[in-house]
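As structure tokens, here come the structures.
In the two assemblies presented below, chain A is common to both, partnered first by chain B and then by chain C.
For the complex of A and B:
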């Protein structure tokens, strides 16, 4: 994908001048995120200071004292255990569990959607059914829906079947959310493969299963990566359904984060920033390593290249 | 083993009881569900309907199993989607014709009266107007900012890969953090925005206390978060322009704006429309950021937030279902309008 690759036919070269300009713009754009990360290292008083203390170091005396603060790691400790009233013993906050939940639920849902969706995509691509396009359009439409439309019956369904507050329930629901997108993406990848190799293998007596696992699947690894990245970003940050359908034991980080906002001393900004910083690291890493596939992901596989 | 080599099993008659007879299962469900709704309390009726839907899905899967490799591959995905997407959708369509509250057990048939009441409700129209305003403002802002960012990154330069990640980061933040931290930036005393404004005016700057201010606050946060998405799409268009077109234009001394309009723009147009569609649909669902940032105060309540309130806080289940169907209808109309326009364009080009 030429958007990121350095050797694109149409991408013009520009020099360090462009780098300087782009760096300035990028830093301005990134600034709100940077402030979150900086705030994660501040004690509560520093987070509320006027004028804002933006520098953890005075850069050899360049920055006046009133703009600098002493960085602390206390917020990161407090995310996992802190005392809830003055002088009380530090208690676990449960955030270890919530981080595990987020990883487990997002991971399981994306993996499940990938397995079911890849099979379906292969089916739609190689063995068109009667009304193939209609099925595909209906599948795409379910992804376009306002989530709020399905929330009422899904809540009833979960209440009646006892799925509310269980891992199974929320994982199945996220799987269903990721499926349409997975099917569309993987179908676009399977459609691109040349059928000659498959036909040759079949003539030589390979079974369908062998053709799928040994010939087709290895060629769409990039597609699997693209699908996984975008599915992870979506599922990782999902808030509405997690708020309504997870219980105390299965709560994900965004929900737990929203519940730390309230409180008698106002919002604990340092703590909130520390949670978000920790929560951001996995997505940033995944995106950085798979960024060449991101574009195709965000367009449901419609943009090739 | 291809499609042709599979023996076609004998077709099952409509009324023959068989695991493969999904038509009979569908017929049975079509009879059982209305009977259950009429005779049983809401919770039990839901169970019957869900079991019936599951049974139909099961027979369809069994039917596909023996017939067709394609059907077999597709069946698990269809089953999951039927149980967790299609069935809830149909159930909520059904609910919208009844008077039903999730905290009671009674269900009374109302016909279209829920829809009548909603379409005549001034509050709903007010929320719809607010939502439309948000859609227009945020999508415009995202398209403009996204396009400018894409122009900036359309050339290859040192460290580009790393700077791109910086710009893409907002998309990966959680809505909760974006909402909360924009509240932090807008805070009248210690917020960064008001500190900067205070340098010039000397007064405390309170953004969220008025309607235009609160709307601006939400639009800025949402546009900031999603402009990178538009940027990604436009970037894909920009790098696809063949270089020789620019070279030919340079030889003919075509002015820069004409080069942009006649060479660059046609390559970006399709992707721009795609970005427009995706962002419009998403903006229409705007919920999380508003929920955290203003919680609908200062007349910023969007229709999604309104439905959420009606359904979850006031338990007006069937009214909320009817309202969400009106929303769904709007989104489908928007999507089709877009597809119609896009098709007409590509037909005109060909």
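For the complex of A and C:
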């Protein structure tokens, strides 16, 4: 009995050694992001300093002066101010619009893909056609090429249809991008559900629509969350198509960010880091609020119920 | 008029025939059990009644109307599933009220009926919980409550007790029986447990390989099994089936040769009409007595294994021609391993099956 108890505790509490090791590894992973966040609070000179100034405080004199810097919020202010004086020339930033574009385009594309993909997945799962697997395979083939391979035809298509530079165009494109993944993910979630539950609902007089909305959909909320987060990250960070297919007014943050590089004074690292820091926040927030669903979602079906 | 009627219903899955020409009718207020080993087609038969499977051939009538092409929604049937099939995302209360939505019941009336059925099955304290948060026995009660909240044509139960532990199973068996008696609806219960079938049903249909082998009251299928399969399937311990050769039968007695020994057994008068030849003799372990001496009515066997079961003792013995025979004796009668037993079948309790396994009976 005592043996089991001590074993149980050992599993619960990994011990300080392991915890420290895990923390160290986490820090290595997090370090690049941490550097970006720290840089966002530096003035231009501090951002360029070698050796790198990593500490905003001297921790009661513990850290030598040359490793510390004075934090500033000016970079964040500059992100949203319409223009600011950098050296001799005024530069336009206007990131408010770009952030709105990113949120709107990614949100709309993921939501649209989720709606269409979930319905399609339910169909593939519950009303299989002849050659069901072939169709599913064909849907996946669109993700088998690197995106750059199709960029010329897509650009021509957008030019001809007048979709280039519009919200509709880029949202439709991202929706199409997200669909295969959404359909495959959601189908696997629907496949896992007990058919008995749906049979029971039918015997209880439910229409197929009611079975879908009241019985099936609530059971795959975890799957919806996981799929949404993956789709969101993919769309949020997309650069290539956004660069080539968005206009000045529909530009997303990754594209706009790349265009702040250059100019006569070189890269404004502080500004860039501030944009990146702000750019991280929505993804972190979404992932944080959905993480319980997310964990359940990605491990769904790996353990027999 | 019967509520459920199956006429020569056959169900094929590809080349496999799951149900063969099943005829079954269930009257209002009657409880019929479909009993059989796994894979015998009993659940498929139930699903055909529910409309979850389509019959390949034959007719399905419910409440006098042809239902073959009707969806489950249109059949007005309540079913309790083996794994309960509670709606995981809805609370117990919402689960119970769910069937009433389709009937267009007002929300006040719905709440009243949910409370009423929750009272009947002692579920009031868990109405706000999700199915994942309640115990197995409670899930079972929720499943039953969800079925009885409506007033359907009939009830179907698929292995309703198979997931419960032994103690709970006994309690629930009584509770289900009580609920069903109060409802007076046609009910079909699928089970592989003969005790469940015999205790809960008015009639039991014993199925094997898609065929109904016999259908009758619990008493009939036990006392007058139609064939050797039913005889061996019903009753614990299993009925002894011993091969022998019919030499002569007259009146109520037959002379049967079992590997050299000629035994005179009291049998059904109909055996007298049989030609001499191979037969199978069926004797229930509790219908075999012990004689002190060898006699013309007794045959001998060697006790091999003794299992005390409390009030009684189960003895496994071997006859001279190598057949296994099980005998149940009162606890007071002590037998030791290796002892030679003189077994005397009880009069009127011996079943004779012909070469095809069919019971010979008047």
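Assume the second predicted complex is superposed on the first by the 266 of 305 C-alpha atoms of A that agree within 3 Å, B and C clash if a C-alpha of one lies under 4 Å from a C-alpha of the other, contacts with A are read in each partner's own complex, and residues count from 1 in each chain.
The rule is simple: a contact is a pair of C-beta atoms (placed from the backbone, for glycine too) under 8 Å apart; a residue touches a chain by one contact, two chains touch by 3 or more.
Source: prediction; values computed, not measured.
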Three-chain arrangement built on chain A, chain B and chain C clash or fit: fit
Partner chain(s) touched by A:126 [first = chain B, second = chain C, both, neither]: first
First, second, both or neither for A:280, with chain B first and chain C second: first
Partner chain(s) touched by A:207 [first = chain B, second = chain C, both, neither]: both
Partner chain in contact with A:270 - chain B first, chain C second, else both or neither: neither
Dominant contact partner of chain A by residue count, chain C or chain B: B
Where the C-alpha centre of chain A sits as vertex, the angle toward chain B and chain C in the overlay (nearest 10 degrees): 80
Which superposed partner A:218 touches (first chain B, second chain C, both, neither): second
First, second, both or neither for A:237, with chain B first and chain C second: first
Which of chain B and chain C A:180 touches, first, second, both or neither: first
Touched partner set for A:194, first chain B, second chain C, both or neither: second
Minimal inter-chain CA distance - chain C and chain B, angstrom: 7
Footprint overlap on chain A, where chain B in one structure and chain C in the other make contact: 202, 207
Chain C residues touching chain A - in the complex, by the definition given at the top: 50-52, 71-73, 75-79, 81-83, 85-90, 98-99, 101-103, 146, 150
Interface residues, chain B side, partner chain A - complex: 1-3, 43, 46-47, 50, 68-74, 76-78, 80-81, 83-89, 91-92, 95, 102, 149, 152-161, 163-177, 180-185, 189-190, 192, 195, 224, 229, 232-233, 235-236, 239-243, 271, 274, 281, 284-285, 287-288, 292, 304, 307-308, 311-312, 317, 320-321, 324-325, 327-328, 331-332, 335
Chain B partner contacts - residues on chain A that touch it in the complex: 1-4, 6, 8-16, 18-19, 21-23, 25-27, 29-30, 32-33, 35-36, 39, 47-52, 116-117, 119-120, 122-124, 126-129, 135, 138-139, 141-142, 144-157, 159-161, 172-173, 175-176, 179-180, 183, 202, 207-208, 233, 236-237, 239-240, 244, 253-254, 257-258, 261, 267, 269, 272-273, 275-276, 279-280, 283-284, 287-288, 291, 294-295, 298-299, 302-303, 305
Parts of chain A lying in touch with chain C, wherever the complex brings them together: 194, 196-197, 199-207, 210, 214-215, 218-219, 221
